[in-house]
Each structure stands twice: as structure tokens, then as C-alpha cells.
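See the structures that follow.
Heads up, the next two complexes both have chain A, just with different partners, chain B and then chain C.
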Partner chain A sequence: MLDDKYHADRAVGTMQDKKITAKNVQVFYGDTHAIKDVNVDIADKTVTAFIGPSGCGKSTFLRCLNRMNDTIDICRVEGDILIDDEDIYDPRVDPVQLRAKVGMVFQKPNPFPKSIYDNVAYGPKIHGLAKTKADLDEIVESSLRKAALWNEAKDRLHQPGTGMSGGQQQRLCIARAIATAPEILLMDEPCSALDPIATAQVEELIDELRQSFSVVIVTHSMQQAARVSQKTAFFHLGNLVEFDDTDKIFTNPQDPRTESYISGRIG
Partner chain B sequence: MSAIWIIAVIFVIAIAGYFLARGRALASAGSDPRKMHSLPVYYGTNAAMAAAGPALLILLAWLIAQPLLINNSLTQYLPTEIRGDAGETSLAMADVNRIADGLDLAVAQGAMTVEEARNLSVETTDIRAELAAVGVALGSDVDAATLALAQRYRGATALGDILKAVVVIGLSLVGAGIAYAMTNKDFRARRYVESAVKLILIAAASVAILTTVGIVLSLVFNTIEFFRAFPAADFFFGTRWEPSFSGRGGNSDLGFLPLIWGTLFISLIALIVAVPIGLFAAIYLSEYASPRVRSIAKPMIEVLAGVPTIVYGLFALLTVGPLLLSAFGANGSFHLGWMSGGTAAMTAGLVMGFMLIPFVSSLSDDIINSVPQAMRDGSLGLGATQSETVRQVILPAALPGIVGAVLLAASRAIGETMIVVMGAGAAASLSMNPFDAMTTVTAKIVSQLTGDGEFNSPETLVAFALGMTLFVITLALNILALYIVRKYREQYE
Partner chain C sequence: MTLETADITPPATPSGKGKSLLAQDTRTKKRNAAETRFKAYGIAALAFSILFLAMLLFAIVRNGVPAFTQTFVTIEVELPADVLDKNGNRDIDDIKKVSTFGYNPLIQDALVAATADIETDVADGDLKKMLSSSAGATVRNAVIANPDLIGQTVEFEVLASSRVDGYMKGRVEREDLERDRNLDAAHLDIVDALSQTGGVTRKFNWDFILGADASESRPEQAGMGVAMLGSVFMMLVVLLLSLPIGVAASIYLEEFAPQNWITDLIEVNISNLAAVPSIVFGILGLAVFIQFAHLPQSAPLVGGLTLTLMTLPTIVISTRASLKAVPPSIRSAALGVGASEMQTVFHHVLPLAMPGILTGTIIGLAQALGETAPLLLIGMVGYIASNYPDGIASGFLDPNSAMPAQIFEWAKRADPAYYERAWGGIIILLVFLMTMNIIAIILRRRFERRW
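Let's look at the complex of A and B:
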């Protein structure tokens, strides 16, 4: 029955507009050619999973989408990445503004050593999204609600975020990313540091987030990709090998490398 | 046989023991190292250590103890009136030792034969002149009693030296022998070497700790002595520092307050200079600078830390003082007349601030670097700029550590001496004007102890009370700093 629900969702997902378009993207770390000629269209209101063996470039590509690679001196990106038909590597684009629009959740929960409230209010404060204290309270509450953390956090908003459990911390980081009202959420192995129960909660949350955001998730777990995503991209040695509907990738892959990977022969 | 020769013999025994034990171990395993418990080198090392370790320790103890014991036993032959007074006794024994050493030296240089030295008599020989000829100057002519004691001393020392050589070399041989006897292929030489290594490391750590204890004890006893001669309340709450140096008659005012005021005032100026500059430098280096710039700039800033403080003192006296005077003095560019001489709290404070910059920047840099990269990524990923990230995430996260660094810098500033001696002047005053001459606790310790004062008047003993107070203050600051730094460390690990 669960499977039926996902099938239905996926059918909806494929009909959405494209949100991100990557054309001939190359990434170099110094002399290493980390991403080779990647072309991909990522749809709005969809969860897109990037899978592939370690070092295949999936995280690197994810970090290109909000220009986090700019902080690495030796990293060089070529090709075009368009979000809403706007080239994000255009000199006129301010990476700081871009990152407010393209939120990111990291592998390890990284709440700031501040209170829960201040963690969530951080983004809205620096971007001036709240006029009054009441506005800010409102944003914090709705972000925590969207991150399914409100019930657990409402009585301890002013206690440090670092005191929460791993799963709660990760949902706090998701709430923090949501609070800047992004359009796209990038998640870099968001569950790899969590236990199975916390993982299940975060996965459930990701499925709900699809209502409002375009979600791109990098994962090592093929089961997770199958559970949460509608589209899956398989990366191997810096190449985008295959990109298609998730159920198609997992049931009827076109490329022999994809098939080897999902059946556990390479990786 | 002199100590050097004994050590040489011990080394020869140790080296011989090394090869013998190694050979024996190999032989017992039929020259197949795989059948032995430890590598061959461990059997050799074990024997060498057994030969050298205890023997060298006993030699060291013997070298320290022998003169003390002989002096003690000879004291009983001194006239009763001298024996009664500790100071007189030590003077008399110093004479005895000097003559004895002089005679040994004369024999060694060939000015006397062994026989002549042994049969000297005050009537027939001018001993003072003879010894002066070999370079030993005596304060007075030698009387018969002192010469007799000196001869006794020589006799006892000669006997002790022979005993020493026999015991120490014997011990070395026994040690090597036991280790050799124990050596066979199943002997766990590796374990023994391991415990010896541990002992050496423990000894090294103990030296530092024992030194601290020794310093504290010497301060404590002299401080107690001082407070016997001078009321503690006058010291801690006195507002005047006017020691009368002769110690004859004139009562000294030894008030601590003007000195600690100067110390804190100058340290505060130094910190006001050093903390912002050092911190900003650290932020630039750790957050903004490219690896290339960092690899060049960081060592260059740290060069500043290698400048001796006396050079900073010169800089204060010859450059900064006159510069400040030309700006804030009576005839200065601003016609303010705030400053009457080049030496002032401001001069010393500024230069001390420069001295502390690398200290603050290097510590803060380490602390800022230890803030996890995930914090930066998290903040940048939310669309914060670099300076927003530094201000709102990195500095708050690093703050406890930075406070620790500042406190460590403060305790350096409080303990600093040379810059204030040269830059701040010598007048102890409770002035509020940073352009007035001031002095600090450390500078006054120097001035109380340089010169010919004996350590029995309050004017000189006060130095220990000052040192002790300063030690307590900086120790408290250091403990506070370490506590804060440690608390901060726990946050991420």
C-alpha cells in the first residue's frame, strides 16, 4: 500500500516544472577533474536523490548548486547551472543571496552553540526577514513546525541546540535552513550520522518538505533513495551515469553500471 | 679518580655490557632472533642501563653529599665561640674549604709535591703567598688550626674519593653482571627497557614540578621572615612606597598599593593595545588569509614574540617615549602638557602591548581554528557573509578560549619586568594620569635586590613578599584561564 502511495507521488513529481538546470558542468579540484560533463534537470516540488559510490562527485555537485564550493580556493566550476533560468555563476549573482534561496543541510548535525531559538532565528536575522520580534517568533515557530520539531522544542527554546539528541539536532538544522524561506533544500547525507529511528523521522520530514520545496538529497543508502525520492541520479567516477524516475532506476536501470551498483557489485 | 674518569669507566662497562648481553642472548637462541622474546638490541640496552643507571645515580648523590658530610663532621673541631654562631661557622668552613682546594690545585699544577702539601706548616711556609701564586686568593693569613682542619678535610676527601670510585664502579660491574646473568632467549628484556623509559620520562616531568615547589617554598619562607619584621597591614594597605635603603634608623614605607596600581594600570594599557590588534590579526589569518599568505604572515608575526624584552625596553626608552613626549608633552604638537618625561605608564603600556600582540594572536588563531568547519559551513550555507559568520558564530563559539588567551596575556603583562624598568620610570605613584611615570611590582623587586643589601632587612626581604603576591595573582589568573579554556574544549569533543 505504501508503495502505491509513492508511485502516485512520483507521477505527480514528473509533471512539475524544472527548477534547476545543469548544462555541461565540469568541476576541478586543482588538477583533479571531479565532475565530468554533467547535464541534469531537477524538478520543483520533487525529491531528487543523488546516489553513487564514495568519491563519485555527488556531494561536490550538490555543493555547486549553492556555490558552497566557492569557499574552497582550489575548486573551479565550468559550465552553466541555472536556477529558475538564471545562471547562478553569473558575476552579478551574489552567492550570499543565492544561499538564502538554496538552503543546505549537512552530513553531521551542526547547530550553532546558541539556543534553539537563536539557531532558527539566525538566517531571518541576517537577511532581515522579520520586522518585529513577533514576526521573528512567528518564523521560528512555523519553521520548527515544518521541521516536525515544535512539540519537542517549544518548552526549551532558550536552551542550547547542542544539548538535543542527534536526530533532533538534524531537524533543528533543517528548521534553520527552512527559516530563510528557501526555494530549494540541498541535503548532504542528512541521515548518515543518525540512528534508524531518527533517520525514519527525518525521512518522513523530507517527504513532507516536498510540498513546499525542491529537495535534492545525497545519500549512501539506496533504500533511503528508494524511500524518499521521486527522481534518482546515479553518479560514478565524476560522471552522471543515469538520471530517471526512482522506481525505474531501481527496477529497470538502462546502464549496466547502474545495475551493478544497485545490485551491490560495484561501490 | 675524578668524577669524569668514573663516568668514563661506567660508560665503558655499559658498552661492554651491551655487546656481551646481546651476544649471550643471541647465542642462547642459536643466533636466530625469531626464537628470542625481544629483539637483540633490547638485551644489550638492558645490560647497559643496569650498568650505568644505578651507578650514575649513586655517583650524583655522592658528589652532593660528600662535602656536606665532611664539613659537618669537621665543624666539631672549630673553637666553641665560632661553632655557636651559624654565620661564623659557615665563614670558617668556607676558609677551610678554600685552603684545601687551593692545596689540591697547587699539587695538580706542580707548584708543590704531594709530600710538601701534606707536611706544610704555618711557621715555615707563607701559605697565602704560595696559594696566590696558583691563583687562589685568601682573605687573611692562615693560622695553624685552620690549616690543620684543611689538612683533615683533604684527608677525608681523598679517602671519600677512593671509596666513591670503588663503590660506584663496583655497582656498575654488579649491575652489568646481574643483567648479563639474567640474559637468555626467554628473558623479557623489552619489558625492562620499557619500564626504564617510563622512569626516565617520570623523572623529566618531576623536575619541572619540583622546581615549582622549590620556588614557592623559597618565596614562602622569606615572605614569612619579612612579615616578622614588617607589619602585614602596612604592606598590603600602605599607600606610600618609600624605602630607606640603609636600614639604619629611618623607617621605610613599604606600601604595596602604589606598586600594584602601577602594575595593573600598565597591564591594562597593554591589553587595550594587544587584545583588539591581536584578535583582528588572528581573525584575518584564520578566516580570510589564503594559505599562502598565512604561511608567510603567521611566522612573521611570531618573530615579534622572539624579540627579547630588553630590546622592547630599548624601543620604549629611545623611540616610543620621546615620540609620545613630542605629542603630549608641554612643548608637544598638541600643547597639552600632560607628559613631563619620556618614561610613563603609557610608554611602557604601549610597548608591552606590542609585545603581547603575537601572544594573543597566536593563541586566538589556534582557538578560532579549532572551531569546527561545520559551523562555518552552516552559517555560510544560510547566506551569511564571512564577517557575519565570524561575528555571530565563530567568535561566540571561540569566546571562552579567547578569554583564556587574554587572561594568559594579562598574566604575562603583570609579570613583565624589563619594559617597565626602562619605559615606565621609577616613581611609585597612585596617579590616574597614564602619562605620569609609574612603577610596577616587578620593577621594584629588581631595584630592591640589586646592590649590596643583605637579606635580613625589611627593605630587601620585601622583594620576596612582592614576588609572592605577584606569584599568587598570576597563578590565580593562569588557573582561571586554564579552567575557561578547558571548559571550552569539552564543548566540541
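Let's look at the complex of A and C:
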């Protein structure tokens, strides 16, 4: 029975077109070579997990996908990253437009010190997604619903987002990211600051988000990767060691480094 | 299981199971004693500073408050038409031809009349020594303002001379007058008698706050108003220039500029500029704005420009500090939903940094308000003895003084009455500074309360 579910999931993962393609990506922080020649295809409507020991470059690679690394002066990215076959590092690409298409959720919940409503409405506002106040209200409601936060937030839309619990704040950040109608959602250890119950809620949410987005999640918890993802990439010292279906990585890893990591010998 | 410590330290409890928590060991005692001592030092230091502050406040109030009251003499002056308006047609130009000297005999007559009941050996001609030499001008100004007074006998309250004022305030003793050619003890007898009947009164003197400076020999007439205007004009220049320039520079340096040796150098230089003595900015202002740019001397515009140079580093440093204090996660959040760097700064970072920026700006302004040395160098110690709006600080380019420079001028003058006024000026300056600080606190509360 369990196997059936895995196969079904894998079918979803492999049948879909690839959304993101990375070719020979190298990242340097000054002299530090943080990502070494990474090639990977990330599928649409799939949850892809990045795992690996801390400092191996998971976050760095994730930040390449929406060019958040641009804000770090010493960071240099080489190679090609294509989204829908367009090179996102092409000089014609404006990172602002890119980031509306590739939303991001951070490790620590970071709502703006504004109301819940304003948090969600900010993205649509600056991208001109809503023509009227009613449109905006609708975007806010549907984003909060998708983030499974509507029931908790609907009566306090105009109270500060910073006044919510950690788990609620993280779901608010997810709602904020969804509100700009992205196609890809990047999540950098979204549950590491949450308690187990909030973590379970967010994981459930991620599974639902897969219907609409290509989700890439960095996690330090292998159980989490196994629970939420269909594809898993294992990074080690800046190399992408192994990339395959999640169940295959966890049951039958090809590379000895992957095996020792998941069996707890490195990390 | 037996405790090994029991062998080393003798058991302090009857049961013998290790050390008792009820008795402190020597180490703890020592630590507690050190803590108590440190707290005592702290309290002593605090008490010391409070004592000094109290002494300072006491001195300021004691020396400065008398400056806010002034002694006036009430006299009834006859304004005969044949003296003041010879042609009898009330032509204002004819009336103006009579100088203040023309009014002095009238005032003398009024004084003789006022002291008619008092036994005195002061000669009639010497009576006017009781009055400020501004008395003639006071009466003349009233007549010019209202020519209908001519032909009537009008009651005037004129300033008493600074000696009489000093006597009323307890600053001048009878013995002091022996070597004084301005006033005799006999005058004081008249003053005593007149104050019995209400002819000499001491009351609150708005002219000290609102009036212009006066000559060395008329301290009773000098006021702070014109210098205050000069300071206000200067502060406007400083605010309008240093706030936008300072904040823009800080935002650029903090949020946009690449981190390289040039920005490092700029950063070091800004920190150093904040510590440069203000007189250096003064001579810079003299060289650049007056000698090179040929702006007028003693003008609030030049003062403001010079003080802007001095205030900018303060504002830049505090603005950068408050921008730095905004958590980076807010920036990532904004960039992450696709805000541009500019939107990130103006929508999210700046509002959060605002309380700090405003506090820094107001503290910078307060510093500039109290600054004296640079003003001396650019000549902002203008002597302006006429009241607003006659030929004084009606603008940014007219010569003027500023509050601290005026205080400095007064303190330099020989007459002890000016010493009193210098203290009074300090009170006005401190009220200004306190107001600015209160505004800073209110603004900070207002902006912080948003979340």
C-alpha cells in the first residue's frame, strides 16, 4: 500500500516538465567556492528537497534560484540557471520581476511589522496585481486560505502580523509569498524555528502547495525531506552528490557519501 | 555513596552530608561583598552627578531669574504742543524733527513733579540719573506712534536705570554707590519713597525675551529677541539642509553603496568629522562661505551653512546606526516578494528607522543651537539694537546674532547688570533645548507606537 503511494507520487514528479534547469553552476563568496559545478533539473508541481550537512551550500544554491544572492556584494554566480528555458541571469532579466515569479520563505518567520492584511497585500500592491480594493481583498483572502491561515486570521486582519505565534507567522509568510502568484516557491528550512505541531501544519500545507507550485525546500531534517518531498538532492561540501526520487535516496542511495549521511555518519 | 567533599571541608550540617546552603562559604561572601561595593560606587557616582546638576540648576535659576523682571518708574509727562509740534499742524515729519534730547527736559519736569513731596537734596538736573537713558526715546516713540497725545499730560512707565534696578533686586548696595558717578545714595532715598507709593515698580519684562540688544551703558534695555530670531533662522537652514542631505547620504552609504575601500574611507572620515572641534568648522565656514562665496558676514544663512557642516556627521552617524538596527530579515522579506531595493528602503526600512533618525537629528540641532565658537569666526555676533522689524533680522541675509553668541557678548561686558542678563539668556537657551528634547521624545513615541 505504502509503495503504491510512493509510485503515484513519483509519477507526478517525473511526468511533469522540468521547471528549473541548472547547468554548471558555480558560486563564490570572495575566495570561498561555495557551490561546485551543480547540474540539476527541478520539475514543476513537485516538492524537491535539498538536504546535506550544514555549510554544504543548500541555502546558497536556493538563493541562486531567485537571485537573492545579488544582494551579497562578494557573491559571484557562474553557469546557467534556466526557468521555463529562460536564463534568469541574463542581463535583460530584472530580479524584481523574477522574485515575483519565484517566491521565497525564510528560515525565521519574518512578517513585516504591519497588519496581517498589509503583509499579504504588499506584494500584489507593488506588482500591480489588483486594480481595485475588492480585488486586493480577494487576493488576500485566497492567499490566506491557501496558506491554511484564513480561519485564524480573518477576525484580526488589521492586527499586527508580528503578534501571532511562530507557526502562524510562518504560514503568514507563505501566504505573503503566494500572494504575488508565483510559479515556484523556495523555502529555506521553513520549520526550523517551529514547534512540532506547527511543523506538522506547515508540512501538510507544503504538500497541498504542490498542486499549484514547484516547491523547493531546504531542510536539515531527513525525516521532513522523506515526508514532504518527491525528489531529493543531497549536497556535500558544495557538490551535488546525488539527486533522485526521494524514496530511492532514502532506501537505496548510490553514493557512499549519501549513504553515510542518511545513516548518520556524516553531518 | 559517600561524598568526597566531606573529607575536605568539614561538614557544616548536623547530618554531615556536604555543605549547608544556609551558611555562605568564603568565596560567596567575597563575591557578594564585591557586588555590594560596586553598587555603592554606582550610587555614589549617581549622587555626585545629581548634586552637581542641582548646583548648576540652582546657580542658573538664582542668577538668571532676576533678569526676567525689570524696574519701571511711572511718570506723568506733559507733552506741550509748542515744543513738540511748532507748526501746530500735527505733521508727522515735523514731529520727528524733535530728537530724544528734545524730550529730556519734559521728562526732567515730570520727575520734578513726581518727587515734589519728597525731601531730597538731589538737584533737579540729576534726577534723570534714576531713569534709563532710553526714557526719552520711549516717550518720543509713543508720541510718533500717536501724535494725538501732544497737548496732553500722559502717564508713562519708563525703565529705571540699571543701578536703580540693581538696588531693587538687591544687587547694588548703598556702599557701592560711593565711588559711582551714575547714582548717589540720595537717589536711592527717592526710589525708596517712590516705591512706597507705587511710583517705582518691579515687574515681568517681556522686552528681555522679545527685545533687541542695547548699548553697553543701557543693560536695562537689552533683550534676547533678535538673537532668538537669528537662532531660529539658522536652525531652519540647518534643518532644511542637514536632514535631507544627511539622511540621503546615510541611506546611500548603508543600503546601496558597495563595500569597498572608498566607502570604508568615507566611513572613517565621517566618524572623525563628528569629533572635530566646532571652531574648525567655523574657520572653514569663514573661508568657504564668506571669503570664497562672498556671502554676507553675520548672516544667519552663513551661520546655518556652517552649523550644517558641523551637524551633518552627527545626523549621518545616528541615521546609519538606526538603519543598521533594522533587522536584515525585514530587508530579505521585502526583496523576497519582489520589492526593489528602493522600495525596500522606503516602504520598510526607513519607517522602522524613523524614530532613531528623528532623535539623532534633533540632538544634532540642539548641539548646533548651543554652538558658539563657529559663530564668532563668521561674525555672527552682530550688534542689533533695534526691534523687529526695523532693519534687523527680517531674513536669512541680514546681519544678526544668535542666542549663545549674544550670551557671550553680554558676559563680556563690564556692567554687572549684563552678567545677570547673561544668566537669564542661559535660561532662555535651556528652555529652547528642553523644548527640542521634548519634541524628540514625543516624535519618538509617536513613531514607535505604530507597532
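Rule of thumb we're sticking to: the second predicted complex is superposed on the first by the 260 of 267 C-alpha atoms of A that agree within 3 Å, B and C clash if a C-alpha of one lies under 4 Å from a C-alpha of the other, contacts with A are read in each partner's own complex, and residues count from 1 in each chain.
Just so we're on the same page, a contact is a pair of C-beta atoms (placed from the backbone, for glycine too) under 8 Å apart; a residue touches a chain by one contact, two chains touch by 3 or more.
Computed from a predicted structure; not experimentally measured.
Steric overlap between chain B and chain C is present once the structures are superposed on chain A. In the superposed model, A:I197 lies in contact with neither chain B nor chain C.
Contacts of A:I72 after superposition: neither chain B nor chain C is touched. In the overlay built on the shared chain, the residue A:R176 is in contact with chain B and with chain C. With chain A used to align the two structures, chain B clashes with chain C at 405-413, while the other stretches in 9-17, 99-107, 189-197 or 405-413 stay clear. Taken together, the two structures place residues 66, 68, 71, 73, 96-100, 103-104, 106, 108, 110-114, 122-123, 126-127, 162, 173, 176-177, 180 of chain A in contact with chain B in one case and with chain C in the other. The residues of chain A lying in touch with chain C in their complex are 66, 68, 71, 73, 96-100, 103-106, 108, 110-114, 122-123, 126-127, 160, 162, 173, 176-177, 179-180. The touching residues of chain A, when paired with chain B in their complex, are 66, 68, 71, 73, 96-101, 103-104, 106, 108, 110-114, 122-123, 126-127, 162, 173, 176-177, 180. Of all residues in chain C, those touching chain A in their complex are 258-259, 327, 329-341, 343, 347-348, 352, 450-451. Listing the residues of chain B that touch chain A in their complex gives 290-291, 372, 374-385, 388, 392-393, 396-397, 491.
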